[in-house]
Structure formats: C-alpha cells, structure tokens
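Both complexes below contain chain A, partnered by chain B and then by chain C.
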Partner chain A sequence: MDAVEKANSERQKKWTKDQKVGEGTYAVVYRGREVSTGRKVAIKKIKVSQFKDGLDMSAIREVKYLRELQHQNVIELLDVFSSKTNLNLVLEFLDTDLEMIIKDRTLVFLPADIKSWMAMTFRGLEYCHRNFILHRDLKPNNLLVASDGQLKLADFGLARDFADPGYKMTCQVITRWYRPPELLFGSRYYSAAVDIWSVGCIFAELMLRTPYLPGESDMDQLKTTFRALGTPTEEEWPGHTKLPDYVPVGQFPKTPLRDLFTAASADTLNLLSKCLVYEPRKRIGAKEALNHPYFFALPNPSHPSKLPKSSNMASTRALEEVDGNVDQNVAGPAVKAAAPNRLKRKLNSPGDELASRSIARRLDFSQPKQP
Partner chain B sequence: MATDFWASSHYKRWIVDRATLRQARADDLLYVDDPEYLDFLAIFFANVISKLGKKLLLRQRVIATATVFFRRFYLKNSYCETDPFIVIAACCYVAAKAEESPAHIKNVVTEARSLFSSENYGIKHFPSDNSKLAEMEFYLVDDLECDLTIFHPYRTLMTLCRKEGTSDDDDAEAGELGVGIESGPRYWGNGDGQLELQEGALQMAWFIINDTYRSELCLLYPPHLIAIAAIYLTLVLHVPTRATIQAQSQAEPETPTLQPRRRSSRQASNASAPSNINQKKSNQDIIGFFAELNVSMPLIATIAQEIISLYALWDRYKEDGNVETAKNSFPAQTASPYTPGTGSKRTLSGTSRSGSLNSGSGGETPIEGGEDNEDNVVTPAILMALLMKMKENRAADVAHPASGRPVAVNKMLERTQLSG
Partner chain C sequence: MSMPAQVPQIASPSSSAKKPLYEGSTQYKNWRFSPEKLTRIRASLNAAAVSVIRNTFEADEPGSSSNVLFLTADEEHLLVKLYISKISQLCGHFRFPEEVEATAVSYMKRFYLKNTVMDWHPKNVMLTALFLATKTTNNPISLETYTSHIPKTIPSDVLDLEFLVAQSLGFEFAVWHAHRALWGIWLDLQSLPDTPPDQSQDIYDTATMHVRASRLTDAELIYSPSQIALACMSLASPAFASQWAGSKIPSLADTLQPTIETIKSLITQAGHPPDVESVRTVDRRLKLCKNPEKVVGSKAYLAKKAEEERKAEEKRSRKADEIRKAMENGDPFGDELSWQEKEEKIKEIVDEDDND
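Here is the complex of A and B:
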C-alpha cells in the first residue's frame, strides 16, 4: 500500500456507515458517524461502479463547489474518500428540509420564523454569489435544516461559476415552479438574479404553505407567473420580447400582492416584490436583501433553535418519500386549481421535472467553443 | 469560487514546495539517466494535453485546467508505474466537465485514440471502450481529492491589464481574452487602475502564461503571481513596449503636465498612434503599478527567472506542429540578463551522471548558438522510447524484487482490490 492509499484508508476509517436514508439521481445517501466523536454524518455514495459513461455532471459540480464552500448556511462537506469503485462524500447530517417543514400541517409559522429562514437563506446565497457561484436549483427541498435549526443550502448539482461574464449558459435549470421568467423565455446569459427569483417563490411559499407558482408545464409556468404578477410590459422589462424563446402568453392584469398575502406586513411585501421583479437587473441582490428594512423591523427573527421543526425526523422520511402524497386540500394561491398541489412536490410530474433537469444535468454541449 | 484564492483548496492543499516535487519524482528518477529528462517530459506531456484539448475544441482555460490536474496527479504517482496517456485523456475529460464545457466520453476516446496512434506517439493499444476512460476518471478524481476548482493566471492578467485604447466596459468583443470581472474585492492586492498594454504585448503575456504550464510552476506558485511575472517579462521583452518605456523614462521630467490627457486619449490613439505613442504612454506609471500590487517583487523576479529557464530548456526540445508560444520573443538564453537555473533544478548540475544530453558541461548553460548540438536535441521519439524503457525497467524490478525496491505492479489495479 503506498502513501496515497494509506491516506485514503485512514480517511475511510474515520467514518462508519449505517443504514440507507435516501437516494438521489446519482447517489445513495447513508447515515453514518464520525468514529472519534460519534457525530452523526451523512455519507453520500456516488454511483460509478459500472463505469459506463463517466461521472455525472451533477456529481462533478457538487464536489467541485462543496470542496470550496464554507459557510454556516451552506451544507458542509467534511471529507471525501473512495471505497472500491465509489466516491464517498461525507456531509454534515441534516435532519430535515424546508419542504417537509412547510408541509407539516401540525406546525404553525410565526412571521418571526419566516424571517429567520429567509435571513439564513439569503446569508448562504450571498456567500455563494460573493464567490461568483450560482446555485440554480433553489427550492424548499434543497434547503436542509440541521438539528439546531440552522438552514443550509444544499444540492449543488446544478451550480456553476459566473466569474467570467459573457458565457452562454443553459436555461434548462431550476425546478420549474421556482424558475424565473427570463429562463422560461430562453435567456442564455443570466446571473445571480435567477436564484433571487427562486428565493422569492420560497418566501411566498413559506407564507402560503403551498407552492406559489405551480405551473404544469413550461408554458403554463409563464401563464401562472403572469396571472399572479401581471404580464410584464416593455417598460417594466425592456427587451424581454426579444429573448430567444419569447412567446406572448396573454395579458393578465397586475393584482396587488396584498390581495393574496393578507396578513403580511408592508416590509414583507416590499421585499417579496423586489425578489419578483421581472427585469433581472432590477431584481434585488442577496446582499441588498439582507439590508432590507424587513430584517430590521419587528418582530426580530426567531432564534434558529426556536424554529418549528417536524417531529417525524429522517427515519420516517424515506418512507414518506415513496408514497407520501400529502393531500393538500388548500386552494392554490389564486392561480391553478388544486390539481398540481395535490401531488407531493418531489414526485410531481416526474416526467418533465426530471427530464428538464437531466438535460441540464447530463451534458451541456451548448458552450461556445473557442480555441 | 472566483475571488477568494486564500480560502481555496488550490491554495490550501495544492501549492507545494520543491522538496515535495522531488519526492514525487523519486521513483521515476531511478529509471532515467539524467534528471533533466523529467523536465523534458513535463514539456512533452503538456504539449500532448494541449493537442488533445484542441482536437476536442476546448478553450485554453480548460486545457490549462487539464494540465494542472495532470501535474497534481503526478504528485502522487509516477510516470513509470502508470500510463500517462490514459491519464491525459482523463484529465481532458474531467477538465471539460469541471469547466462546464463537457465533451462526450465517446468523443474523447476517439480523439485520444487517433492522436495517440499518430506518428509522434505510435500508441496502438489505447483502449477503445469508454469504461477504461471512465475508470481512469474515477482514479483521477480520487487522487485529486475532488478538488476541481482551479485558479489560473489568465483572470488576473485580464483584471490587471487591458488592451490599449479600450476601457473597462469594452469587454463585448472579448471572448475569453478580455472579459472584465465584476467589481468585487480583488484577492491579489489593492491595485486599481489597469495597466494599458499594446495589443501585441497583451497577447505575449497571454502566451507566456500558456507556456508556464509546460513546467511545474502551477504547483509552486499562486497563479496571480505567475500572471504578474508574465506581465513583468512582457514589459521587459516586448520590443515596442520596451521602447515606449525607455522613451518614457527619458521624457519623465516633462510628463507630469500630460497627466490629465490620459482618459481622453482615445481618439488620439486612433488617429496616429505611432507619433504620439510616447506621450500617450508616458503617464503610465509602471513602477507604481507593480508597487500597488502589494506583492513581493523579489518573488516575482524568481518566478520570471524560472520561466526563462523553462524557455532555455525548451529551446533544446524539438517537436513538430506549431504551438502558439511566446518562446520566440525570448532572446537566446546566453543573452538573457538572468542566470538560468536559479531556484530551480539546475541543468546537469555537479552530479556525475552519464548524461547523454550534453555530458560534461558541468552546470554551465549548455548550448550556445546553433551549431554542433545535434545530439542535444530532444524529440518526442526520444522521450517515447525513454518512457517505454522506464516502464520496462520498472516492471523488471518489480518482477525481481531482489533489487530491494518496493513492489507495486499496477497501482491502480491493486488499489481497487485492496479497498474492497
């Protein structure tokens, strides 16, 4: 055994692997422990065993970014080691995610709780954007929550660098309900604003307890969006009709956010509306958002340890994932009928959600090739 | 990660010292007559990567990333125990993915096979199925410890300098050359105010950076220092730029009055560049520019010297196919104001090895002029034969462990079995 192998096997011995807790597109996740401290960890085993097509793009992106990022509100990659023909990522163990919390009907959210989650989300995102990294898949399911209540951005499988501006990127990113209109219109040059839109949708969802803009197809997503926020005008969003996939989807009037978010404070709605500005360049930035009066007005954000938490923790989670169609008989936010909401989001229209994801996740050959 | 180099895996785990580099080549050193061959191999492999990268239509930056992956891999492995060609293919494949311009695995296999079977390399056995490359990718990523974010000098160059007559917001036509970085904290220092370079000079600095990947500099120094060394060499060696600077320093006493003209000198530069070039450049304070960068100038000088010794070595290496390089801008090494070899492996230093290259030159600069050094020239054919011999000798040693050397037949295979 040479030095390299020895180092690896020593790293491997630092961790034990217990039972499987979940499975994603390119990895199986186990619960484990750090041998020396007994600390709970998650071990994400990247499937490469059959060596057919090489490592998945999302696996490459996830390790690439998690190896660099270090922030209280970004999931921590503790270690990597290989076993047989697998790469193993050792992650901090996170009990639950924001999607489960939102769906847990036994929980009541106070405005201070929502403010706390929003602050943690923006802090994690500001850190990513400061380092010129786009997340490109923000949604409640990818905001994991630790046992101490800290919220962490996770799933960097679609993330990418944007330090060198002017590169064409794929618009097939971000789970549909959280995807901003510029991507739906096929924009290939975009920036941090795409993540902000997603955060806006999550913000609204925290208040509504149901997805804010649940479109049933990409086309319907535009309609759903415009129905909720009004069709953008040329003044509001100059040039949007020139975007590659622009299609007119009908004229919908603007309705005040107040009509839907009846209980929200003025500051809350002001920040929400700034996250959902159509013109990407005018959308609020993460840093600016953190300085928004909303975060300084009363009530103060709840301390993370005081935030509502699902009682059914990770153990029951895998089960729920299989059949857990939490029946939400709550009407959608003045938009769609109940249909799209009835399905659990994770499994909702798996066909196209997965399809659009895997297109981006697989290989993006659209890069301009320059010598 | 784009801004915080000091917090990066690149800085924390992959900048090594010379002792580590030597240690990494220890096994290979047992199988070469002269350690200098290993430096030639470093050039040779970088050229192979670059050729494969071009066939795959990868951008320069992606090729640079592939080269850094290759160097890092060989910090932990030896040439004589691995197949550097499959490693090269895997480096290009992973770099393309890590830099968001993925190439299909089938395509990489096809291009690698066709390139490696060409005359220069004559490799007929490169595996044609994807699974071998995929397997190598796994070992590579494992040995890279999943650290796939690489910082390159190019970005620093484009942040610090701009083409004469352009301004910050002119990056539209730029492609990779010339992308302006959004205003953010600059990790490399506190300088503001870019240095204006003539187009040829900027190009030259770019090529010098390309050339540095033919050495192990990317393992030794932070990329922004390499960029600054490249700018420094450009100012010294780019003839028109040097002339301008000289003219400027002569005109120095009068220049202060020209100060206000700087920002508005664009139309002038379009009109009749040659006649007013001195005036226009005169208010560029070169010394101030370097001082503002807040980096150690002696360290920059050391890196510059190492780049020059790379060119000196490269002068003795002949390979077909034209690479874009700044090499030809460098004066023959004897004319260089620097002593080649300082701080780097010395050429054929004192050790009484039976160096087949240029034996007996005893550490002096080996080649003068062009005559009488036919057998000093190193070619890909020589290096391919050398690689073959290294591998055979290694295998023989392994088969007869009497030599006392450690036995490790096929590291990769063994590793797979071991960890099961």
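Here is the complex of A and C:
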C-alpha cells in the first residue's frame, strides 16, 4: 500500500462509526467514537461519487476553513479521512442547536442567557472575521451547542475568504430570513457586515422566540424587513437605489424597536439596532460588538453550563439512531421513518430554503470566470 | 482590507496577545522544511519506490529489473518542475486568477513530498491539482468545460486522482501565498511618507515577476510568504525593500537580511523552467521504470486489484455473519420483519459499510 493510503487508513482506524444521527443536503451524519479515548464524535460522511464535478464545493469549503480554525466557539474538525468514494469529516459531537433550544417552549430564557449566547456567537464570529473568513450562513440551526453549554459556529459549507477587496461574490447566500438587504438588492461586493446582520436577526429571535423577519419570498423579505425597521432613506444608506437588483418596495415608517421588544434594556436595543444598520459600512463589527456596553452591563452573561437546554433532545435523537442502522442495545421495534427533527427542520424552514440554498451552491459552480 | 504583510516570527505590537494568523495555519505547522529535510524526504521516497518497483518487476519475471535505469530523486524533481511551469501556461489559457495558479503549484509541490513520479506521472497530477485548486480557491468551473479545453484529457483522468491528491495534501487546502504578502508590502509602501511615487507601479510589477519565478523553486517549502515577498521586492528595488523593513520591522531588519539574500539567490538560480531536452530524456526513461501496479490494465495492476477485491469480499461476508449472529441473539429489527426483509437489511448494511 502507498504511504498516503496507509496514512489514511490509519487515520480511519482511529474512529468508529455508530448510529446515524442526521442527514443534510450533502452529507449523512453519524455518531461515533475515538477508539483510544472513547470520546464521542460526529462523523459527517459526504457522498462524493454523486458529484460529477468531483469533490463537492460545500465539502471543500467546510474542510478548508475548519482545518485552519481553532476556537472555543467554532466547531472543531478533529480529522478527515476518505473511504473508497466518501469523504469523512470527524467533528466534535454537539448535542443540540440554538434553533431547537429556541423552539422548545418548556424553556425560559433570562436576559443573562441571551447575553451569554450572543457573546459566544460574537466571539466565534470575531475569530472568523479576524481570519478573513465570512460564514455566510448564520442562523440558529447552524449555531450548535455542546454538552457543556458552549455555543459553536458550524456548517462552513458556504464560507469564503474576503481578503481580496472588490472581488465579486455571489449574492445567493445566507438563508433568506437572516439575509441582509444589501444581498437582497443583489450587491456583489460585500463584507463581514453580512454576517453581522444575521447575528442581529438571531439576537432578535432569541428575545422573540420566533423568527424576527420571516419573509415568504425574496421580495417579501425586503418588505418584511422594511416593515420592521422602516424603509431606508438615501441619507441613511447612500447609493442603495443603485444596487443591481434594487426595487422600490414601498414606504414604511420607522417604528422604535422598543415597541416590539418591550422588555429589553436600552443597551440591548442599542446593540441590536447597530447590528441591523442598513448601510453595511456603518454596521457594527464583531470586535466592536464585543466591546459594546451591553456585554459589560448587568446582568452578567450566564455561565454556559447554566444555560437552558432542551431535554427532549436526547429522546429525539434516540429515535433517529435506529433509522436504517443496527443498534444492538435497542430492543424496541424498528423505526423506519425519516429522522423527525430533520423533517421538522425542513417544514419549519422558509418554503424554498433548501432549494434556494442548493441553487446558491450551483450558482457558485457555474460562476463565469473573471478575466 | 488586505492580508497583513506580517513577517512571521514577528508579532506586530498591537496583536501581540494573539498569535499571528499565519502561525496558526496548517502551512506553518505542516509544510515548512529545511533544505536538508527536503532532500532527505525526496531521497527516501525515491529509494522506497525503486525497491517496490524492482520487486514487482522481479515477481513478474526474475532478473528483469537489473537493466532498468530508475530515476534519481533529482530527476524526479526536474520532471515535477517542468509540469509546474505548465500550470502557469494552462492558467493563462483559462484566464484563472493568480490565486488558482499559485495554489495549484503549491499542491503539486506538496503532493511530491508524499508520492513519487514513478507511481504518479506529474502530467496527470498537475491536471488534478489545478482542477482542485479552482475549487478550493472558490473559482470553480465544470469538469466538462475544464477537460474539453485540454487536449487528450477526459473527466476521469482528473477525477481518478482527485482523492489521492486531496489525501496527499492532508486535506489542508488553504495556502498562504507570497503574491498576497507582496501586495500587502506594496500597500504599506504607498502609505509611507517618503516613498518615491513615480516608479512604484513598475517596481511592483517587477517584484511580482520574481514572485512568479519563485514558484519554480522550493522557496515556499522553506520560507514564509512574507519573507519571499520581501526578497522579491528586494530583487526589484533594494531601496524599497529596506525602506519597508526599516519602517515595519526595524528591530529585525538586520537579522532578516541574510535570509532575504539566500532567497534572492535561490530565485535567481532556480527560478526558471528546466531545459526541455533534458526533461524529455528523463520522461522517456520514466516509461521504462514506472510502477506497473499503477498502469491500468497491466498484469501487476490486475493482480493487485484482484487481491483487493478478495479482501473486500472477505470483509463483507464476515460482516454479514456478525450481523446474522447479532440478530439471533436479540433481534435489532424487531419481530415484524420477515426473513427476506432481514436478509435485505443485512445486504443494505453490509453494502453501506462496504463503501466506507
């Protein structure tokens, strides 16, 4: 055997693959273990053979960025190995995600809890931006939560670097509800500010316990956004009417955030409003956000281990584990249905979220070359 | 915003608390070597390949390896260098951005620190490395378009090696490049108060040419991107280079100087494509000494495949037995499955595992 193949198979032997725990658009995720320590891991198996252009772009992005990133608030890629026609990413195992926590009606969030999740999100994001990496798909479902309560940015399948200034990028990124207006208007030259907008939407969602700007189509997304935050004026966002896909969607007055977020502190609303500034260049940066008075005012952020956590998570997972797999410890009847939380996720997503996301990936692929 | 033109081993005072980004990279950790180490790696890869291939020849026909003139490590290196120079031609043809070209070149160099030319011909590796680089730098084109523009190449030529190349790179796709560091230096220079403004564009262009030449050398496997960039700037204009160093890294400017000089001479001596005639001789000899196990359709290749298939089959039936046994002691599929359904299930599971 070649040295390279041998090294690969040795890496492969370090991990065991157990039950299937979920399925994404381009991968199946299994629970597994590190053989030497028994440590629980997630193994994301990417189906390679189905792609006629070879290794899939999402997989490549995910591997490329996660290989370089090491931060408490970014999911850890422990290893990568290939098997005949598959690529396997070994990731730290994370129990749940922020979407499930938000949706769990039995949980009560204190302002200190929200502050803690926001701090962890901004820390992870500041690290990515410092490394010139845009995430481009921030949403509660991509903020995973470890058993010790640490929140981790995950799913780097749409990430890219932005070291090159003035480099044209696709605007078909970020799940619609978390997509900033500059992208909805077709801007191709954007920056770290796109991720900040998404974080603003997540911040609002943590307080509201329901998505803040749930547009039903791209056009409706603009309307929903402007209805909530007022139609931008030329003064507050110079030049926006010149963006490629600009369309007037009607005049909506500015209503104070206070009207909707009745219980929030002034600091909270001040930071929120700075994340949702229309003019991308005036939107707050991740580093600046971390220095915002909100994070220094009382209450102090909750300790991660004290954060609310779904209890039904474990049982949901247990059902999925049997799906199409052998689990010799489970004596119960076979469960052949699709993974419930996967389905739930899809139903709860905006109508064509998954479709538009795969389009984004496709578009990227056929992007015309710049001379 | 630009990549900071930081010279490694030098933390700028403002970021001293945080590790400079480059120093946390896989490139810094896994892809830097001393010149001696590079020589050793190549020599031992070469020796190992020669012994394997010799054995294969002997197994096929005893005595047949004695007349074969195997390639030396230097000859292998020469051939790789030729194909590295071809990457640049192809990129010009496709009008790929510089990032793609530089990344593909790095992939080629890294690949041949894990593999030998006698196993994998650099022409094919080059095509795969370049295609992979278009994707990892986010400049993808369809495989079909790619291969249709390259004579005598079909998609499978590229795809067959993609996994091997990715594996050889350790799936470490991110590369830090000298041309970016150079750009950072140039931006810095423009903001210095006493920069002679007029010829700065020419100097940048000349320095960029030297960066391109450096891609034909081992520089990136030994030095940091900013060191290479500074050396290239120094080749274009020693005055500019020392001005930059004096303003950005005053305390280190002197200690760095010998390194910069070494890089400069490496680039001037080795930074050009090899003589085509001499490479042609090497390539001709390669045909006689390449590993027959890697030549699709050869006797040795078929023998190896058959052996692999036998092992896989063994594994499959072992797995099926295990599952059957497990089912007998405590049925994981429940009682409502018929015998046929269970057999189906076993097959599914075994196949699933098999493509692992």
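As a convention for this text, the second predicted complex is superposed on the first by the 324 of 371 C-alpha atoms of A that agree within 3 Å, B and C clash if a C-alpha of one lies under 4 Å from a C-alpha of the other, contacts with A are read in each partner's own complex, and residues count from 1 in each chain.
Here, a contact is a pair of C-beta atoms (placed from the backbone, for glycine too) under 8 Å apart; a residue touches a chain by one contact, two chains touch by 3 or more.
No experiment lies behind these values; they were computed from the predicted model shown.
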Touched partner set for A:160, first chain B, second chain C, both or neither: both
Contacts of A:143 with chain B and chain C, given as first, second, both or neither: neither
First, second, both or neither for A:82, with chain B first and chain C second: both
First, second, both or neither for A:70, with chain B first and chain C second: both
Which of chain B and chain C A:53 touches, first, second, both or neither: both
Chain B versus chain C as contact partner of A:131, first or second or both or neither: both
A:17 touches, of chain B and chain C: first, second, both or neither? second
Partner chain in contact with A:9 - chain B first, chain C second, else both or neither: first
Chain B and chain C contact sites that coincide on chain A, given as residue numbers: 2-5, 8, 12, 48, 52-55, 57, 60, 63-65, 67-68, 70, 80, 82-85, 87, 130-132, 160-161, 163-165, 364-365, 367, 369-371
Residues of chain B defined as touching chain A within the complex: 1-4, 7-9, 54, 57-60, 76-77, 93-94, 97-98, 100-102, 104-105, 130-131, 133-135, 137-138, 141-143, 145-149, 155, 171-172, 174-176, 179-182, 184, 406, 408, 411, 415-416, 418-420
Footprint of chain A on chain C - complex, ascending: 1-3, 18, 21, 24-26, 45, 48, 94-97, 99, 114-115, 119, 131-132, 135-136, 138-144, 155, 158-159, 162-164, 166-168, 170-174, 180, 323, 326, 330, 332-334, 336-337, 348-349, 354-356
Chain A - residues contacting chain C, complex: 2-5, 7-8, 12, 17, 48, 52-55, 57, 60-61, 63-65, 67-68, 70, 80, 82-87, 130-132, 160-165, 191, 324-328, 330-334, 364-367, 369-371
In the complex, chain A residues that touch chain B: 1-5, 8-9, 12, 48, 50-55, 57, 60, 63-65, 67-70, 80, 82-85, 87, 89, 130-133, 160-161, 163-167, 169, 363-365, 367-371
